[in-house]
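Two complexes follow with chain A in common, the first pairing it with chain B and the second with chain C.
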Partner chain A sequence: MFNIENLTVRINDKYLIKGMTFTVPKGQITAIIGESGSGKSTTISALLGILPAQATLEGTIFFNGRDLIDLSRDERLALRKKHFFTIFQDATNSFSPTLKMKQQLYSLTALRLGHKNEAFLAKIKVILKDLNLSEDVLESYPFELSGGMLQRCMLACALYNEPDVLMADEPTSALDMLHQQEFIKRLKKLHTQLGTTVLLITHDLGVAASIADFILVMKNGEIVERGQVAEIFEQPKHLYTKRLVANHF
Partner chain B sequence: MIAKWIGKRVIMGTIVLIIVSFLSFFIMHAAPGNPAAAYYGGNAQTLSTAEKERIEKAFGLDEPVLYQYGTWLREALQGNLGYSAKEGRPVAAILQERLPTTLQLVVLTLLIVAIASTWLGLLAGMKEGSIVDRVLSMFSIASSAIPPFWLGILFIMVFSVQLGWFPTSGMNDVRGEGGLVDRLYHIVLPLTVLVISHVGIFARFLQDSVKAENRSYYVQVAFANGVPEREIRTMVFRNAVIPYINYIGMTIPSFFGGSIVVETLFGWSGLGQLLVKSVMVKDFPVLMGAILIIGVVVVICLFMIDVLMICLNPRLRRGGIV
Partner chain C sequence: MRRGTQRKMPIIWFVLLALIFGLTILSSILAPFEPNAMDMNHIYEAPNGTHLLGTDQLGRDVLSRLLVGGKVTLFIAVFSVVLSSIIGIIYGGLSGYFGGTIDAVMMRILEALLTIPTLVIVLALQAIMQGSVWRMAIIMGITGWFVTARIVRSEFIRLKELEFVQMATMFRTPLWKILFSHLLRNSFPAIFVVTIFNFAGAIFTEVSLSFLGIGVPPAIPSWGTMLYTAQNDLLVGAWWMGLFPGMIIFVTLLCVQAIGGTFKQGGGRSHV
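Up next is the complex of A and B:
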């Protein structure tokens, strides 16, 4: 699905990503793990085409055989609308504080897909119910909901959109243990039911181990190791991976 | 709940007005000179000490300042603002003549400043780093650094004396019949001075607010997820305008302050000009009345801004603050 070759991102002389080459296979869950500042989130930004204006991007990003590097701003937007959905780390700040959730969920789902309001309400209510969220959420403002509820709202958007690729940037790091497990369960369900390709960014090895098919280990903007979950956790080769695994278990 | 909030605001507004009037009254009496001078008029030199004492006794000026203030406050609360020491007419009648002309100037300025700064601030804030963004930043610094009196003198020299496009001062043409066109013709220069001295800083505030909002997390989330830019701009504007409106509310008194200078310079017979004249002749009843009426207008404006803030900010509505 994604074929990335020699991806380099720098701001002035500072390299955020150095010559990354990897693939995100269709219908699989790929996790990128590493410590803070290793370049995981920059990778997602590069794939989405939302890097800051001062960043320089080199290499190739092929999505379904099409190179995304030279796409115009509008073409990028169209691509994001049609194929991707991204869940970010900080659910509490992922929504505008002065708009009701109904309006915001509409913008993140039905507006992208061109659905009418009635169709949106009918579908989103079913999804919210499935995620153990009451319909009252729609009439609430973000500050009236907990972080866990807001992250489930983002997941509801992902379920509504049924994207080809779901990118999740540390989606569980702001959640407590109970909500983390619940979120992982829902993510797995989305992946199984719809066959969605998932690119998961996490520093939590437990999360990666519980859900991913394939793992990329990043350090200082480079991939230092890659492999199936079992390989990474049972026979890590790189010193950094060994340290990460040892620290986790 | 709302009635309780309004009641609280009315009590707070009344307390503010009492504090303002108290401070004004004592500052006036602490200034050099005799408060009875305005009652003497031009006869101060010819009056004997006994006659001066009689005047002071008649108007209660021989009483302690605190007692005088208490008397003034008691009468003011009953709607009696006293008589002008200079003109001998009721202060309320004088204020009734002057308040509408000041409000014409201030409200028109506020309206133009709000519209122009919103447009400029949005335009510059949405296009960070663009020429519009940089030009507005420079303009706001320049316009807020130019004193209104200097700008007014410059305008009179250029547009009235040299080009002859607008009158140097006044509110009506002495040869004409007045009317709206004549009033607009006279208001152009004072209005322009007030607008220029406020619009830059207001636009800059909104510009910064829009920029900060554009960097918000929710904007990145919406942008990354393909929400149309028009929709994102609406969200940004909605959130950026809340601190901007609050800022307008806080600076409303400065519009009245600015109008004092401009009214005096352009001979605009409003409250500002009245205040300056009353200070000159120590007409304390008029001064106190004018300060009180400006205070009331400011308190009402702030109340309206608070109501607007509650309408715009759900956190205030639903957060139990109201």
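Up next is the complex of A and C:
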């Protein structure tokens, strides 16, 4: 689905990503793990085309055979709207502070899919209930909800949208253990039922181990190791991966 | 306890400012005398039962002129602030949203304008356009938007990097909707604070220019023109001519500054 070759992102002389080459196979969950500052989130920003204006992007990002870098802004936007959904790391900033959640969830889901308000309410209420969120959430402002609740609201949007590709940047960072497990369960369900391709960014090796099919290990903007979950966690080769695994388990 | 006291503070200032606004807006009803009616038999009368704040050199009632003059001063301040806010929001918003070369050019122009003291620009324009309350308000409006533009620009730059704006862009939300519903709407707390301080500045500018004799024409009562005429009256011992306009200007500015200061302190919470 995604075929990334020699992806490099730099700001002036500082390299954020150095020559990354990897694939995200269709219908699989690929996790990128690594410490903070290793370039995980920058990778997602590069794939989404939302890098800061001063950043320079090199390499190729093929999605279903089309190089995203060569597309015009409108073509890229159309493609993203049609195929992708993103759960950002900071759930608090994922919603406008001055608009009620109902309006925002509607914009992120039904408006995109062309659903009427009644259909939206019927579907979103079921999803929210499934995620242990009350209907009151719809009439709340983001600042009235916790980080975990907002993160679950983002997942609700993802479940509603049923995207071809879900990019999730540290989606469990604001969740407690109980909700983390619930989140993973829902994500797996989305993946299993709809065959959604998932690109998961996480520094939580436990989350990666419990959900991913394939793992990429990043350090200082480079992929230092890649492999199936069992390979990475049971027989890590790179010293950095060994250290990560040893520290976690 | 301290928190409770801090919360009560703006209410006091709000009430006081609302009272001043109310009195000036209703000045045509509340003024005991026609503000321009001369009575040469009662010139320079100290405050008394008939003329509560005394009379001026032409026997005009100071209280009536203070109330009507407030309407002129506050009108100029409100109009100029609305005008400067509109210009500042458009200029700063475009600069912040588009960024890059457009932002760089617009900011250099703004910095060039900021190097010239606003009062000098106002003085120059006033020298050319002198003559009416409207012109005065327009001059202050077109010279008072610089700070607003900078604030709006920085808010737009901050907000456009946030995830909800990026998601709106990703979902091909119309540009006008992103600008108004996301960027401008969430910039309002900051714009509100700067507007309050601009309002205080506008009152001060009107008073200063009129005090120097180049603001509102002397025939039209305003707090500034009252202070202007009071300069000579103080020499003949008519202390009430300067004291009451000075007090009302002081209290009004104090209220506006206190309200602005309170909102500025609470500004962080609005971005949560």
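Everything below uses one rule, namely that the second predicted complex is superposed on the first by the 249 of 249 C-alpha atoms of A that agree within 3 Å, B and C clash if a C-alpha of one lies under 4 Å from a C-alpha of the other, contacts with A are read in each partner's own complex, and residues count from 1 in each chain.
FYI, a residue touches a chain if its C-beta (ideal position, glycine included) is under 8 Å from a C-beta of that chain, and two chains touch if they have at least 3 such contacts.
Just so you know, these numbers come straight off a predicted model, no measurement behind them.
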Fit or clash between chain C and chain B when superposed on chain A: clash
First, second, both or neither for A:V126, with chain B first and chain C second: neither
Touching partner for A:I11 - first (chain B), second (chain C), both, neither: neither
Chain B versus chain C as contact partner of A:L108, first or second or both or neither: both
On chain A, the residue positions that both chain B and chain C contact, one per complex: 48, 50, 53, 77-78, 80-81, 84, 86, 88, 90, 93-99, 107-108, 111-112, 143
Contact set on chain A toward chain B in their complex: 48, 50, 53, 77-78, 80-82, 84-86, 88, 90, 93-100, 107-108, 111-112, 141, 143-144, 157
Sites on chain A touched by chain C in the complex: 48, 50, 52-53, 77-78, 80-81, 84, 86, 88, 90, 92-99, 104, 107-108, 111-112, 143
Interfacial residue positions of chain B with respect to chain A in the complex: 129, 216-218, 220-229, 231, 235, 238-239, 242, 312-315, 318-319
In the complex with chain A, residue positions of chain C that touch it: 99-100, 161-164, 166-173, 181-182, 185-186, 188, 270-272
